[in-house]
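By letter and in written order, the chains are A, B, C, D, E and F; residue numbering begins at 1 in each of them.
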Amino acid sequence: MPYVNIKVTDESVNAEQKRQLIEGATHLLVTVLNKDPATTHVVIDLVPTDNWGVSGKSVTRLRQQQVKEAIQAQAERRAQEQ
Amino acid sequence: MPYVNIKVTDESVNAEQKRQLIEGATHLLVTVLNKDPATTHVVIDLVPTDNWGVSGKSVTRLRQQQVKEAIQAQAERRAQEQ
Amino acid sequence: MPYVNIKVTDESVNAEQKRQLIEGATHLLVTVLNKDPATTHVVIDLVPTDNWGVSGKSVTRLRQQQVKEAIQAQAERRAQEQ
Amino acid sequence: MPYVNIKVTDESVNAEQKRQLIEGATHLLVTVLNKDPATTHVVIDLVPTDNWGVSGKSVTRLRQQQVKEAIQAQAERRAQEQ
Amino acid sequence: MPYVNIKVTDESVNAEQKRQLIEGATHLLVTVLNKDPATTHVVIDLVPTDNWGVSGKSVTRLRQQQVKEAIQAQAERRAQEQ
Amino acid sequence: MPYVNIKVTDESVNAEQKRQLIEGATHLLVTVLNKDPATTHVVIDLVPTDNWGVSGKSVTRLRQQQVKEAIQAQAERRAQEQ
């Protein structure tokens, strides 16, 4: 009687990926604990990046920092190449 | 101090049905455990059918199979009637 | 495909009461949303009173206050009766 | 390794308030339990007022009652002032 | 930033199986959604069989029925063999 | 109507710390969202270290690695001091 809840940030998760998560999580419970797939439920929650925080900051802000840092790193590489 | 979380697939649950779920779940806790309704919280989550899996398949796909099987069964019944 | 999670404080909930909660919650989903009992899962979590807070205080402390107030109220009633 | 889930009714919670909830919850875990912010996750769920019940009624309906009562109280005050 | 919660009935799940569930769930999120394992948290909840219900009955009772049915089936097989 | 669920590993969290988590989380919701403390519920779940995974490993194993690394680091420091 397993219930699996997968929470991820809502960043372009498509139907095929959801299908793989459901299939994979069910397979895991069947393989490891010999559970019946018919009573294995998987629920996927997509959480807006404004609503998920880590290190005290929203994922929205962390993603902005990552983009900013990637742009800076690229600019520095180009400056060195010249 | 009860907290009840009801998760169902997001398939045409209307406001009246939500009202009945809240009323019924509260009544259950009051009747069985003598809880105070004022501290009994009920939260209903409607989960998209793509995001709920059982038997390793999404409910979206299970519903499509059920429709397909119902159509086949009907076709077979009609064929037998002729 | 419903999943119902009932969280209550761990205060003498017996097996018969758990049975009633499971039966009642399943009946609610079947009646209101026409769900299949075979795919309706109910999970009861018993939370220690130290671990549940309301009004900023643990239920352990709230229960102590309730007992204290009940004793004071009784003492006052007796004082008035004399 | 903390995970904090904050569920509130979906009533005009803005990005700045979400930021403060994430920052505050993370700070709480760091201060009280000496947890590492890098492994402290905070997830905020905004629940539609139709889907949250307390005292056996939806928050939608409780809000309507509160507005109605406020209007009545104001009408009574005005009647007394005349 | 994934968070995976696996709820199963508390029926002899050993440390090695928990290890496999954690490893498998993390691998699933890394493979399907390209998530960072360092921010992928997996939490396993073992639920007493009295506290989990399906088809309106506790798993404790369902297991008793299964045992009873297995014994009856065996008795019938033996009766037929004689 | 907030509900806050704090999940942490079960590593020596004492009653005073639980009290501070309940008080702090309630204060956060009151301050940021102007919520009523009387309807603000906080539930703390202590998860055994075998049941919590990050980076694909149980916290039990991560703690063992941390201890092992600390002992090695100390041994190296002492070797350098001689």
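Basically, a residue touches a chain if its C-beta (ideal position, glycine included) is under 8 Å from a C-beta of that chain, and two chains touch if they have at least 3 such contacts.
None of the values given here were measured: they were computed from a predicted structure.
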Contact-pair overlap exceeding half with A-B, pair selected from D-F, B-D or B-C: B-D
Between chain C and chain D, centroid-to-centroid distance (C-alpha), Å: 22
Approximate Å spacing (C-alpha centroids) for the pair chain C, chain E: 26
Sequence positions of chain E contacting 2 or more other chains: 1, 3, 7, 21, 25, 39, 41, 43, 52, 54
Category of the chain touch graph - line, ring, star, complete, other: other
Contact set on chain D toward chain F in their complex: 1-9, 13, 17, 20-21, 24-25, 28-29, 31-33, 35, 39, 52, 54, 59
Partner chain A, residues of chain D touching it in the complex: 15, 18-19, 21-23, 25-27, 37-38, 40-46
Partner chain C, residues of chain E touching it in the complex: 7, 47, 50-58, 60-61
Sites on chain C touched by chain A in the complex: 1, 3, 39, 41, 43
